[in-house]
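Note that chain A is present in both complexes that follow, paired respectively with chain B and with chain C.
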Partner chain A sequence: MNTAKARTAAGQADTIIVGGGIFGLFCAMTLAEAGKSVILLDKGRIWAEASAVNAGSLGVQNKLPALIPYTLWSWDIWNTLSDRLGADLGLRRNGGYKIAMTEDEAARLGRVVSEQIDYGLDAQRLSPAALRAQAPWIAPDCMAATWSPQDGYASPTRVGPALRRKVESLGVRIVEGAAVAAVENGPDIRVLTTAGDFHGTELAITAGAWSATIAAMLGVKIPISLDVNMVSVTEPARPTIECIVTHARGILTLKQVANGSCLIGGGWQGIGSIGDSRKDIDHDQLVHNLRLAMRVIPGLAPLNILRSWAGYEGVTPDSYPYLGRLPGHDNVYLAACARGGFTLGPLMGTLLGELILTDRPSRPITIFDPARFSNAAA
Partner chain B sequence: MPQPKMRFIPGVVPNAGTLSFSFEGNEIPARPGETVASALMRAGVPVLRRTRIENQPRGYFCGMGICWECAVFVEGTGVVRSCGEPARPGMVVRLAEAEV
Partner chain C sequence: MANPVFTPTNANSDAPVIVIGAGPAGLACAQELVAGNRRVVLIDDNIQPGGQYFRQLPPGYSTAPRARLMRDKARYDDLARVLDSPLLTHLPRTTAWSFPQPGTVAHAGPLGSGRIAGSAVVIATGAQERSMPFPGWTLPGVISAGGCLNLAKAHGLVPEGRVVVAGNGPLVLVAAATMAAAGARVTTVAEAQQSRRLAGAALSGVVAAPGILAKAAQYRAQILRAGAAWKTGWMVSRAHGDETLREVSIAPVGPDGRPDLTRERTIPADLLVLGYGLMPGSDAARLLGCRMELRPDLGGLVPVRGPDLQTSTAGVYAVGDGAGIGGVEVALIEGRLAAHAILGTPAPKQLAHRYRTLDRFRRALNSAYVLPTPLRAADDDTIICRCEELRLRDLKADGNAASGSLNTLKTSSRLGMGRCQGRNCLHTAAGLLGLSPETMVETMPRFRPPLRPVPLARLAADRDAGPAREPDEIILSEAKD
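The block that comes next holds the complex of A and B.
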């Protein structure tokens, strides 16, 4: 143990992980619990980007049908995470409504939920009358809704520090302010950063939207586009909304968290890019986001918005995450960019750790192969 | 020791008379142009709400409209930040208790 500590202090480890978000921390936890030495690098503070600034939804109904099994497996990890980390994570699994406000949206909702149920989602269609009886706070002109007891949420603000304490207690060395300048892959991996050089047997890239930049340092082109998602929080209100609300077109997420505040998201786009590091609110877009929230839940109207913010989300061409070896590199791994990465992160990070440890992750990962667009990219 | 210089804000004249408003049924004196937060603080009311999870006291904190910790309910207006709300004669102010 002391030799491992001395090695990581000297910048050497079995695995170097680049990116201290939810994927990287779960990967670090999985590797460290199996006895591997790990150095986790982040360009800034860990838990500072998408993992920290998202709205905390742990939705199942809002996932692509093929991702439903993965979302449920990730929920298996979420279910016991408070005990495992010894912390209150603000975790609730009170179910959720997915709603449609127009006929087109209702048709789409019906189509998608059938496919999701085929993939294992537990959900039921509600008649407008049943919805009004169950959730009188939803607008009476809501055209259609589904209910799933499997939706929930957690507090990103609470999860990050708890994960950090856990991986540090397992001996993982976290190095912040370590922006990667170059990666050299010879017999071992050398990662040159603004906080020194680090050597490892394997490299795991879990850098979210920045993953393409790291992969490019190894000459590999990985397509990732950028969303700048906005989130708003209201003043605390009397607890009324006991579950999450999502939308047939994916343009609204809403939940009322433990302090009574409502968190409003839905992927409305702010202003910014990785190049200019901007993450600003686009008020013209925000107005539509908030109008939609009030249209779905009229009781929100008198509440003040306390704050709105924006955060980056890396997006793959098919909206499935990357998880696997970097093409052309046996000892470099990539896991990044799930749509709904906060929900899927525990599973994705764990599977990445299992892949590195045993080459046999406990769930199939073929559809996440980072090489799947390599022809298109070439 | 040098003393800080006083600067009077236009429209706020100390001792230019007083007004009063009610807060949770108590009469609170205020000066014309003074904010509700300022008058409440001078009246010895530091706690404007308690947090729902840990029952911690909250009140005037940043003083510049950012943190919302000093929110109160003003009859006829709704929930406002008391640090930016001028006290008006006869206004009825209560603890913020917005409802969904």
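The block that comes next holds the complex of A and C.
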């Protein structure tokens, strides 16, 4: 351990990970638990972008059908994570409603849930009367809803510091303020950053929306587009909403967290791009996000909004995450950009770690192959 | 009011000037603009205009004649006449909650919510109080000087029982004198600054602002006449009580800014009024992206302004205590000067001259009250962030306590995430964790809208919101159908 420590202190490790979000931290934890030496680099502070500023939903119902099994596997990790990290993560699995406000949405909700159930989702359709009895705080004109006991949420502000403590206790060296300027892939990997040079046998790219930039330094084009998701938080209110609420068309997420505040999201877009570093509120879209929230849950109307913010989320063309080897590079790996990355992050990071360790991750990852949109030769 | 939808900012257009805040600075600015034939929209959170200084009783209220409160009513009445002008639209009880573009103000209130594009924006949002946490500071019976003055001025409420006033700055004097004049039983007044440090500023005031100085002397006489003990170089060390305040401990300020507990004295008290300084309310300027600077002689973090009182954001002006603590006289003149700059008319020479003199004086006065070391009376058990109920112990134990960044500490500890959005706690937390004022400013979390808490329904009622662009749906499973 001491020699490993001396090596990482000198900038050398078995694996260099670029990107200290939830994917990178779980990858680091998996590798370090297996005895690998790891240096985790981040351009700023770790746990500062999508992992930190998302609204904390751990939704199953709002995932694409083919991702349902992965979401449930990730939940297996979430279920025991508080014990593993020895921390209160604000984790609740109180289920969730997915609602439809129009006939079209109701039809769509019915179709999608059938498919999701085929993939393992535990959910039931609720009649409007049953919904009113169970959740009288949802608008009475809600057309249809499904209920799943499998939805939940956790607190991003609690998970990040707990993960950091854990990986540091496992000997992972975290280097913050290390913006990558260049990557050289010879027999070994060399990562040149603003905080020094780092050498490793393997490189894992877990840089979310920034992953395309890192891949491009190795000559590989990986398509990633950017969402600028807005979230708003209300003042604390009497505990009423005991579970998460999602929308048939994916345009609303809502939950009431431990302190009584309600978090309102749904992927309404703010203003900004990675190039200009802007993450501004789009006031028009914010208003529409809030109108929808109030339409679905009228009781929100008198609650004060305390703050609205926006954060980046990297998105792939088919909304499936990337997970696998970088095309053309045997010792460079990529895991990034799941829609709902907070939910899927623990699994994706763990599978990436397993891929690096054994070449045989415990779950199939073919559909996540980073080469699926890439023209680079494998 | 008709639905105001204007095209983007154009300084030469007919668009109104939007004045945010109807205190002395905002009212004076509006009055001068209206006199220059400009349209004005005056947005203010309060039911009545006047701000803190001119806070009046609500219409129809009266108080007992013995409650002689200093509301400066004659000057207020003169300023408030501007509200009758057809050129002025007053939006009371309305929050200017954000700036979709630099010249456009999004507002929300019970009278309606919408956007107004202005030919200029004047930030006249005033000061906020600086908190100084100590053991017992959250007990009922401990109140801020501003809050206490508001209760007296707006509701005629005068505290019963023994009143102790403590703090640092002219507000101590004002609060104690106002209470004494209103008939409250002020027993002790404790100013943290040494009197010898204040003497210089007082001397410069003899020439610069004899009126202000005379008023201060009159306040002081009022306090002494009331029989109160007047102590300089003393601070609150603790407040005691179970359900409510019973006793207050005061002690001389030690060289490290901590109370010298060997000389601590405990006095019975039913009300403790705290005035540990005012600082400019800078959120609106920060949200607008104005360049900011730390100016101890102006009371803290302020927008950088040119001689015309314009900020680094073109068309955005900042006046009054929100741009630098100076009190009512400075605020009134700054409001007028900004109006002249916006109108493009030269300010009367006398006004400009008076401003230069007063500006020198207020900077000397602010500097005179700056303590050699920031005060520090909190122990590990003292609540620092009231919204999230974080004690100093919690902050010290946080994994990011040593990060040297308020923003980083916020994300893990929830410091400043509650209703006050950090307005009350970030400054004190930074000091208690050993961050320099410069580091505090550099690492402050970015200010996010809304500027003040606004009910969801009022934001949703925005009549000028553009069309919705619903988020992209994930349509993969639909494509298979």
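Here is the rule we go by: the second predicted complex is superposed on the first by the 374 of 378 C-alpha atoms of A that agree within 3 Å, B and C clash if a C-alpha of one lies under 4 Å from a C-alpha of the other, contacts with A are read in each partner's own complex, and residues count from 1 in each chain.
Here, a residue touches a chain if its C-beta (ideal position, glycine included) is under 8 Å from a C-beta of that chain, and two chains touch if they have at least 3 such contacts.
Treat the numbers as computed from the prediction; the structure is a model and nothing was measured.
K.L.:
Once both complexes are superposed via chain A, do chain B and chain C end up clashing or fitting?
P.N.:
Superposition result for chain B and chain C: clash.
K.L.:
Just chain B (first), just chain C (second), both, or neither: which does A:I241 touch?
P.N.:
The answer is first: A:I241 touches chain B but not chain C.
K.L.:
Answer with first, second, both or neither: which of chain B and chain C does A:L31 touch in the superposed model?
P.N.:
neither
K.L.:
Under the stated touch criterion, which partner chain does A:V231 make contact with: chain B (first), chain C (second), both, or neither?
P.N.:
After superposition on chain A, A:V231 lies in contact with neither partner.
K.L.:
After the superposition on A, what does A:H288 contact: first (chain B), second (chain C), both or neither?
P.N.:
second
K.L.:
Considering only touches as defined above, state whether A:G260 meets chain B (first), chain C (second), both or neither.
P.N.:
A:G260 sits against chain B, while chain C stays out of touch.
K.L.:
Using the superposition described at the top, determine whether chain B or chain C touches more residues of chain A.
P.N.:
Partner touching more chain A residues in the overlay: C.
K.L.:
With the two complexes superposed on chain A, say which partner A:N304 touches: chain B (first), chain C (second), both, or neither.
P.N.:
Touch partners of A:N304: chain B and chain C.
K.L.:
Among 111-119, 219-227, 237-245 or 363-371, which stretch of chain C shows C-alpha clashes with chain B in the combined arrangement?
P.N.:
Of the stretches 111-119, 219-227, 237-245 or 363-371 of chain C, only 363-371 runs into chain B after superposition.
K.L.:
What residues on chain A does chain C touch that chain B touches too?
P.N.:
Touching chain B and chain C on chain A: residues 235, 259, 300, 302-304, 306.
K.L.:
Inside the complex, what are the residues of chain A that reach chain C?
P.N.:
Against chain C, the touching part of chain A is residues 45, 47-48, 52, 64-66, 108, 111-112, 115, 157-158, 160-161, 164-165, 227, 233-235, 249-251, 259, 266-269, 281, 283-288, 290-291, 293-294, 300-309, 318-319, 339.
K.L.:
Give every residue of chain C touching chain A within the complex, in rising order.
P.N.:
Per the stated touch rule, the residues are 98, 100, 106, 115, 388, 398-400, 403, 405, 408, 411-412, 414, 417-419, 421, 448-450, 453-457, 459-460, 462, 465-474, 476-478, 481.
K.L.:
Write out the stretch or stretches of chain B touching chain A in their complex.
P.N.:
51-53, 68, 71, 78-79, 96-100
K.L.:
Residue numbers of chain A touching chain B in their complex, please.
P.N.:
Against chain B, the touching part of chain A is residues 137, 235-241, 256, 258-260, 262, 297, 299-300, 302-304, 306.
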